[in-house]
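Same chain, two partners: chain A is paired with chain B first, then with chain C.
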Partner chain A sequence: MRTGFGAQLAALAGILMLWEVGVRAFGLGSHVMPTASAVFRDLWANPELMARGIVRTMTETLLGFAIGAAIGFGFGSAFAVSRAFERLLFPLFVLSQAIPVIAFGALVVMWLGNGIWSKVAIATYLTAFPVTVNTCRGMQSVDPQRLALLRSFGAGGWTIFWRLRVPFALPSIAAALKLGISLGLIGAIVGEWFGDTVGLGILLLQAMYNENLPRLWALILVCGAIGIFIYALFEAIERRWIFWKQEI
Partner chain B sequence: MPRMLRKNHVAGSALLAAAALAAAFGAVPSAVAQENVSVRLKWLAQTQFAGVYVARAKGYYKNDGLNVTINPGGPNLNAESLVASGSDTFAVGGGIESSLSSADKKLPIVTLAMFHQRTPFVLVAMEDGPVKTLQDFKGKKITAFFTGTQHTVSAMMAKAGLKPSDYSLTAQAVSMTPFLNREVDVAMTTLYNELVVVRNRGAKVRVFAPDDVGISVPRDTLITHQKMVAEKPKVVQGFINATLRGWKYAIQHPVEATEIVMAAAPGLDKAHQLQMISEVSKLMLADGGTKQGLGYMDLEKYKLAQSILIDAKVISGPVNFDTTFLPRFWNAVPTADKKM
Partner chain C sequence: MANGTADIAAPILQLSNLSMTFESAHVTVVALQDIGIRIGRGEFVTVVGPSGCGKSTLFNILAGLAEPDAGAEIRYHGETKRALELLGQVAFMPQRDLLLPWRRVVDNAILPLQVEGMPRAAALKRAEPLFGEFGLSGFERHYPQQLSGGMRQRVALMRTFLFERDLTLLDEPFGALDALTRSLMQRWLLEVWQKHQRTILFITHDVEEAIFLGDRVLVMTARPGRIKLVLEVPLARPRPSSMLTSPEFIALKRQVLAAIEEESVKSFQQTAAD
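Moving on to the complex of A and B:
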């Protein structure tokens, strides 16, 4: 797995070179596309600002993700176990995803105030759905023969749930978690647009409206790097602890 | 410097903790019970709101018995609805058009003061381009913020004798680049932000201000809930006094005021913020801002703005000015706080 790392770095360096040379060669103004070096200069010049933004946004992301994943697991399991419950509530989950998240901006601020929890709520909202769906589908696709076997041994509902359904669904839950954490990051950034002074989302807004393009690109890179980092982290966790694959 | 700041912060926290302890043991008698209030800004923290930040940093609010939380706004937040819902006590609201349409929608808010005495947005065209007068807008591409300002543009065009079919008016994106690349002939800028951006990029522009043709859309209101006025008039008075005192200090000490704002929102560009506070100061000191005092509400001026909004069908008809605008708190502000 490690063999490709050097090649990946080389590819990244190549892209940065191409960016730098391309912008200079085509003579694009800094307000159309800044050079890679200008972007990195901005990044190096403001380490404290960036660090503060990253810490704040990551805190919101992780909190929102944790709550969203718990909600998703809870409802997904309930939907898998009870068809009636699924029919009753699952359409609401689908409906909620059709609403653009900015529609909730004012509501979230009215209900949860201007602090960190309004951002956490948006991250939670975006995380919960994929986890719910994958938990439910993963548990529903349990091999009926195994179910029958466990039942014939006299296993109760809880035993079946923890010994069969959960392990069976874990690979698909893990896939949803990887998606969920990335969505959680987006949720935290958008959540900050509902009023704050710290965080990557706020820095993005400031850069956008003051047309500070090197800063804007620096932030895009930082958000991208965080996205890759958290995705890789979850992939590593998955590889280490959820080594079996779903067998259907 | 940043490290020193942080040390001060730690020392400050320690002091605060000590003070809290002392207070808990009754060693320090608390002078006045502090009233907790919040103020919502219509946009991100920036020197456009310097007065509020200065009033807090200088302890003006505290002196008036107020413990003020400043809540910055953003692109998806409406200050008027947050005050109407009771989420925020006060707000620096949109402007005359927001106050009138809130009244039209029967939102329970009142306007106490007006910060910008003139229209803060203007139209710009390239100095070396074909647009030299308002009449030259004929057949040209115009962009404006479609947050209500497009009605002001239509009204300006009507004054110049142009019909809506004579020009193309479309929504303007965040960036000024289309204008700088001459893809559009006329664009809208606020005097304190986009115009600064455009000039900093070296563009020479001709400015067409609504006020030059007798159309005035003053903006940045101080608003609160009707209930506050009825139930806590002392809090309202204290807030407006301290806010205007904060503004007076900010206008007199723009560099210090900018530093105060930047302590709260460190991502800002200082040079840009200094230009912003200088432009905002001009808007605040224009017309009644100097003659009567900062935050003055020129109700006669607003009648014309209202008729433009009625023509554009933004509001259904004339609103009751007596309940929409409440100048009595502003009138009671000590002259020393509002007159430069």
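Moving on to the complex of A and C:
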């Protein structure tokens, strides 16, 4: 099923090679498509700039993700436990997702200012929804026979929640967290477009205005690398700690 | 009683007039009708009956998970109780092992103790000496998915025994095991029961098992489930497996089989007519 890591690296090297050779062969100017080597040279020449952007955007993403995950877990649990609460608020949650987050961007900046918190808020907003839905669905699908067993031991609602509902829902929550962190990264980058001075989103805008294509591509690669890294990290955590998906 | 400790004069559990009807939009199923039972302290009572006759339903009621029809009387330790009040009062082992896949064997076993509020360390200490007795030594740190069916069942039994209550309900605990493992488990269960002095109500669809284990055998009728026959088993304990071929045993078996046969035919006709 899984191809080796070596083979994957070779494929990546092959694509970069094709890129380099292709751009040269077709004689595309650097204003259309820069060569791979030009992109990596730009990356190499500006480590501090890149590092600052990465740190800032990652901070926004992780903060937004953490807050969004907590909110999602809280509301998802509440929805799962109380049907009345679910009926009351869940439709609002769904409705809120129908509005593109960009529409809120300007508002968030006016409320929270140009600093880090407006981006965190957007990342939070994007993370919270999938986590809410999957927490709620995961907890509602808890095996009724195991629920009955715990009740026969005299377990109350709180015990059942922590000892059964939460672990039972964890595989589905983990899937939402993976999606949530990817959305959070998008939220942070887009959030920066509403105004700031540091961050990958800002660097992207500057590269666009300056028509600096090697920089633009360097940033695209960096964003991609971050996305892959956080996804792989969550995947690894899931494999190691949440192994009972198929057993229930 | 056969083992000399059961005391039917001061029963631990008394049921009378117990019926249970399931009503849904289209159908009404009478699962249990007019059940009356007395279980003495320390008794081992087995329940046999055709499948679908309401055995598991009866256990759900005794575990406090379902309320019977109005008019039923449940007396536990002489006190009249609603079924719901039995939650947490009776050690119940359902038909499936229902182990939690995210907990190791030890942690599955001590689950009821933790639910009662005992700290994990204390619960582990309590459980430790039982692993050998339950044939689980060396498997404490395994996950349930790594165990065979027989071992999983022993974990579930250990969990039930650690939940020390005056009445233990076992719903077909050996139903899914192969014949050899099952007969080993039966003898082992008798040892554990005698050592721990529990009162056990045990469901099975295996007549030999019912007679071999029980002080008394309750035979149930096809749906709606009623008590068709209450049979004393006057066989001495400890019971060696050679007893299975003794004339007394065979005579008892014939009696139970005759009662069951009648019921199974009825149940079959019922299913065909449904």
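Convention: the second predicted complex is superposed on the first by the 242 of 248 C-alpha atoms of A that agree within 3 Å, B and C clash if a C-alpha of one lies under 4 Å from a C-alpha of the other, contacts with A are read in each partner's own complex, and residues count from 1 in each chain.
The criterion applied here is as follows: a contact is a pair of C-beta atoms (placed from the backbone, for glycine too) under 8 Å apart; a residue touches a chain by one contact, two chains touch by 3 or more.
All of these numbers come straight from a predicted model, not from anything done at the bench.
Asker: State whether A:159 touches chain B only (first), chain C only (second), both chains, or neither.
Answerer: Touch partner of A:159: chain C, not chain B.
Asker: Now for A:205: first (chain B), second (chain C), both, or neither, which partner does it touch?
Answerer: In the superposition, A:205 touches chain B alone.
Asker: In this superposition, which partner touches a larger number of chain A residues, chain B or chain C?
Answerer: Partner with more touched residues of chain A: B.
Asker: Just to be sure I read the superposition right, which of the two partners does A:110 touch: chain B = first, chain C = second, or both, or neither?
Answerer: Only chain B is touched by A:110; chain C is not.
Asker: Kindly classify A:197 by the partners it touches after superposition: chain B alone (first), chain C alone (second), both, or neither?
Answerer: After superposing on A, A:197 lies in contact with chain B but is clear of chain C.
Asker: Pick one for A:145: touches chain B only (first), chain C only (second), both, or neither.
Answerer: The answer is second: A:145 touches chain C but not chain B.
Asker: Where does A:167 make contact in the superposed view: on chain B (first), on chain C (second), on both, or on neither?
Answerer: A:167: touches chain C, not chain B.
Asker: Quick check on the superposed pair: does A:179 touch chain B, chain C, both, or neither? Answer first, second, both or neither.
Answerer: Neither partner.
Asker: What is the shared patch of chain A, the residues that chain B and chain C both contact?
Answerer: No residue sits in both footprints.
Asker: Which positions of chain B touch chain A when the two form their complex?
Answerer: Listed in rising order, the residues are 2, 38, 40-41, 44-45, 69, 71-78, 81-82, 85, 87, 174-177, 180, 193, 197, 201, 264-269, 272.
Asker: Give every residue of chain A touching chain B within the complex, in rising order.
Answerer: Per the touch definition, chain A meets chain B at residues 31-32, 48-49, 52-53, 102, 105-106, 109-110, 113-114, 192-197, 202-203, 205-212.
Asker: Using the touch rule from the top, collect the residues of chain A that touch chain C in their complex.
Answerer: Within the complex, chain A contacts chain C at residues 143, 145-146, 148-155, 159, 163-164, 167, 170, 243-244, 247-248.
Asker: For chain C, which residues count as touching chain A in their complex?
Answerer: Interface residues on chain C, with respect to chain A: 60, 63-65, 87-90, 92, 94, 96, 98, 100-102, 111-112, 114-116, 144-145, 163.
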